[in-house]
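Chains: A, B, C and D, in written order; residue numbering restarts at 1 for each.
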Amino acid sequence: MVDLAGIFPPLVTPFKNEELALDMLKNNVQRYQTFALRGYVVLGSNGERVMLNEKESLQVIETVAENAGENKLVIFGAGEESVQGTVRFLKNAARVGGQAALLITPHYYRSQMKPEVIFNFYTQVAEASPVPIVIYNVPANTGLEVPLEVVTRLAEHPNIIGMKDSSGNLTYQQSILGRNLPNFQLLTGTANTLMSSLVVGAVGGILALANILPAQCIQIYEWVKAGEFEKARHLQLQIVPLNKMITAIFGIGGLKFAMNHLGLQGGETRSPLPAPDEPARKNILGELQRLGITSV
Amino acid sequence: MVDLAGIFPPLVTPFKNEELALDMLKNNVQRYQTFALRGYVVLGSNGERVMLNEKESLQVIETVAENAGENKLVIFGAGEESVQGTVRFLKNAARVGGQAALLITPHYYRSQMKPEVIFNFYTQVAEASPVPIVIYNVPANTGLEVPLEVVTRLAEHPNIIGMKDSSGNLTYQQSILGRNLPNFQLLTGTANTLMSSLVVGAVGGILALANILPAQCIQIYEWVKAGEFEKARHLQLQIVPLNKMITAIFGIGGLKFAMNHLGLQGGETRSPLPAPDEPARKNILGELQRLGITSV
Amino acid sequence: MVDLAGIFPPLVTPFKNEELALDMLKNNVQRYQTFALRGYVVLGSNGERVMLNEKESLQVIETVAENAGENKLVIFGAGEESVQGTVRFLKNAARVGGQAALLITPHYYRSQMKPEVIFNFYTQVAEASPVPIVIYNVPANTGLEVPLEVVTRLAEHPNIIGMKDSSGNLTYQQSILGRNLPNFQLLTGTANTLMSSLVVGAVGGILALANILPAQCIQIYEWVKAGEFEKARHLQLQIVPLNKMITAIFGIGGLKFAMNHLGLQGGETRSPLPAPDEPARKNILGELQRLGITSV
Amino acid sequence: MVDLAGIFPPLVTPFKNEELALDMLKNNVQRYQTFALRGYVVLGSNGERVMLNEKESLQVIETVAENAGENKLVIFGAGEESVQGTVRFLKNAARVGGQAALLITPHYYRSQMKPEVIFNFYTQVAEASPVPIVIYNVPANTGLEVPLEVVTRLAEHPNIIGMKDSSGNLTYQQSILGRNLPNFQLLTGTANTLMSSLVVGAVGGILALANILPAQCIQIYEWVKAGEFEKARHLQLQIVPLNKMITAIFGIGGLKFAMNHLGLQGGETRSPLPAPDEPARKNILGELQRLGITSV
């Protein structure tokens, strides 16, 4: 059983003049090695997976796998609209070092994605996958939510080990946790609910914010585990505004700008994803200053 | 300064053959007196405020105010679409014993409810109100959310003392709490997030579920305050399914059915609000049984 | 059988310093008498029905009924959340001259408004109503749509004569029209689809725009009836931008401003409904000028 | 200037045991040659573009281009999330016979798709594209709408020749048509609004329904052009229920089932897209029977 407990940054994929910059990615991973992270997610939503072709995707996984260091789990984002394409990619990804797949729901044909269709998709992929599957629920991108009954049934599959929920919906998360699904681990997908999700039973988080504030994300995680709730609460409330900026408000361009400012190598986004404009940059810098963060 | 810390049931308004049944309401309040509730909310969404005419509304407030007992705060739901109508009602409500107003946002002209319009509405009403105001954010009913900047500005008004947030959105709640607004108290409006909201700084809750599980709601509140998080978590996860049934799924008809089953006097809803059908009743009874709840 | 074929303006309710200005309303109706309108709608969404108390509402109906002139149908907006309150109002409205009721769906408890509940509401009200009922579907305000199957079943009721659909959704309208419901007339509720709706079989429209451009709305109606499609198309495309301004964009405040500018007496809105700001006023005046409209 | 006036079926892509069945596709195109269609759209939403890899996509374009016959325009669906990937595909598609690109908006990072970002995407792709571009607005799949101002600005680009709008929103379509954009042609993307859209100025349609009712779709088109509105209206109202079934309700699986029933070769969908279940099949057959359609 793969243990998912802890904090993962969903690594950004740096570009330079529209081209993949693997050296920058490698550099970032090496910088993160000093932190007590559980591992890395590559090719998640923050990793611009949908901007890459398959060859590039595999290079990204391979680069991170080679530099991750021991005991760091390398989860890779996946999920084409078809079962066939998804399985093919999973096999290739496993070959270059991917250890578990974060599998998004198909969603282009949203109105056709009935519960049974979603169940079938995950089951067929899990049957064929060489690596364990983590369900990825991200309504802001997909426009749909994996239904609770589907999660419950999928949790019984031996090759489905957990779920990343980026909805920020505590009712949804608690509905899953309350079922006490054996061998099924829940990760929050947003730092906005890091403390709340941990308190009700999530085992960790895959957090965009952990790209720039790894120490603080880990600190909240450890304080909650240690029962230091007042400390955790104080820090948690402090990070929400910055997290909103680098996710919902300014997006990946904002996150990469913050990384570059803090001495990491976020690089650029691939077009048409925008870079933050001057007021956006000011807002992000102001928030970093308020938090006293000057480097990673 | 009125202290809002604690648990409030938003009392249902019992009907019998479409007519107000004040004796049943009185009976319920008397039953609740044995619990360490902070007070009562009358004429909230669960109180079918929108089904009553003004005369009936005032009778409901008066009945609860007369039977509330000492030290129980009586908050009443209010909020017409116009400032004028709202103020008139607030004055009448205060005269019959209402101690604070839970004030919903105007929402019929949703597309016109720009931040400045919402700000003006609350400010104008607060200026004229004989009782303190609690902002009521309930997107499921109104289709809109009180913007954060508006909350921040309204919090400075001396006659606006807090907010009930029924969105269940922890990001929103933390964004408010992180601003450390002085003399501004946040109540969660759903038992789904009772523990999470308390953990990040809410002072209590106005909870439909407290109509039927007052002891358990109070227990979670007290465990969180005492730092007994593991106990709180266990109970919190248990109550979510029942809470969803008597709110989002089966609504007030479901809540009243559960009350009647547990020895309270929920009575009937007013048409066209439906009573639960046979499968719904079975679901509710099954959930009560699973929780071992047989009476209040 | 009441004939609904033609154009109706949903009359605004003028206020002056927050108070009802019935003289201004009377003046407007008298001005409209020179146009070949089918009748008037009072207390619709544009009539700020939700801003009025019952006494004021009845005064508005009475004022219009007394000044409507022969052969003009006076439809009044209605629809409380409860059957009881709705029926009581309908009886009072009929007494002061209201000839048909435009009946909005209950919507505060949106998640409970299942098809059967909506069906029951309309049926119970229609049974008790002294005047014929027009179903009012207005998702932008209510957040819900009257389901097609419910419309089909309601159309069989002898006291339900038609529907105003403000969704602008031609698929929905054609789905109703394709069923050839006998004695059931469809009115479009937005000038945005006036021509399209007429072309597929609507009998007319209740149009905010008809408050300021009655001649043009009637002209499109008559051209479509006469088979002058090219002329109708040209005018129809011209009016859409102005119609969007005085409905979705600037709302009733915008509409009243335009009326005042054109020599009618729109008066003011009741708080908190906003008046248009300077840029909004410029936009409206620019659009009126582009259309060459200087008075009504 | 490429003329888009007329009816296009967005061809389905037949699969057999999950594999591309190009012979079936070829067969369908040959069957369609007897109809006065303006051309074909391949790899649209109905063509399961997102289920294919690039090699398969190019085979599909090539197969249709080789069999389309003279004077039939071959438009191909395109639009990756990145400019780079999109341009590369367009060049390859043009090489195998694609004559114009139907270009969907990037949408995975919905919250980042601000007007300027969408404008930049289309402009950069149009600059580099060897074939003319048709903007594809399909909110049901993308969760976003191309803003009117963006359409207006894009319409000035010499390599952007028009738009397919699948929103069914007549207000949106008329807002575009009312601007009289030179050299910019609007196609409706749903048979639900075929007549309405044509009446207000659209030049034709790309219609899933034209896969199974090509004669009827062409008939409506020609009747509207000939001013035979009453005939057009009658047929238009008849087709809406079937069109809803093979689009919003049962999706591509439903459409393929209907094709197979009518003697075409729809084949199967690729997993996880579902085939219609027994009740769905009955509904579709019932609707075909009601319309008297037994073959294509």
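Here, contacts are C-beta pairs under 8 Å (C-beta built on N, C-alpha and C of every residue); 3 or more make two chains touch, one makes a residue touch a chain.
Quick caveat, the model's predicted, so the values are computed rather than measured.
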{"item": "Pair joined by more contacting C-beta pairs (A-D or C-D)", "value": "A-D"}
{"item": "Copies chain B and chain C touch via same or different residues, half shared test", "value": "same"}
{"item": "Which listed pair, B-C, C-D or A-D, duplicates the contacts of A-B in over half of its pairs", "value": "C-D"}
{"item": "Euclidean distance of C-alpha centroids - chain B vs chain D, Å", "value": "49"}
{"item": "Averaged-CA centre spacing for the pair chain D and chain C, given as whole angstrom", "value": "36"}
{"item": "Numbers and ranges of chain B residues touching at least 2 other chains", "value": "none"}
{"item": "Contact set on chain D toward chain C in their complex", "value": "168-171, 174-175, 177-178, 190, 192-193, 195-196, 199-201, 227, 229, 233, 236-238, 240-241, 244"}
{"item": "In the complex with chain A, residue positions of chain D that touch it", "value": "18, 45, 50-53, 80-85, 106, 108-112, 114, 116-118, 120-121, 124, 140-141, 143, 248, 251-253, 270-274"}
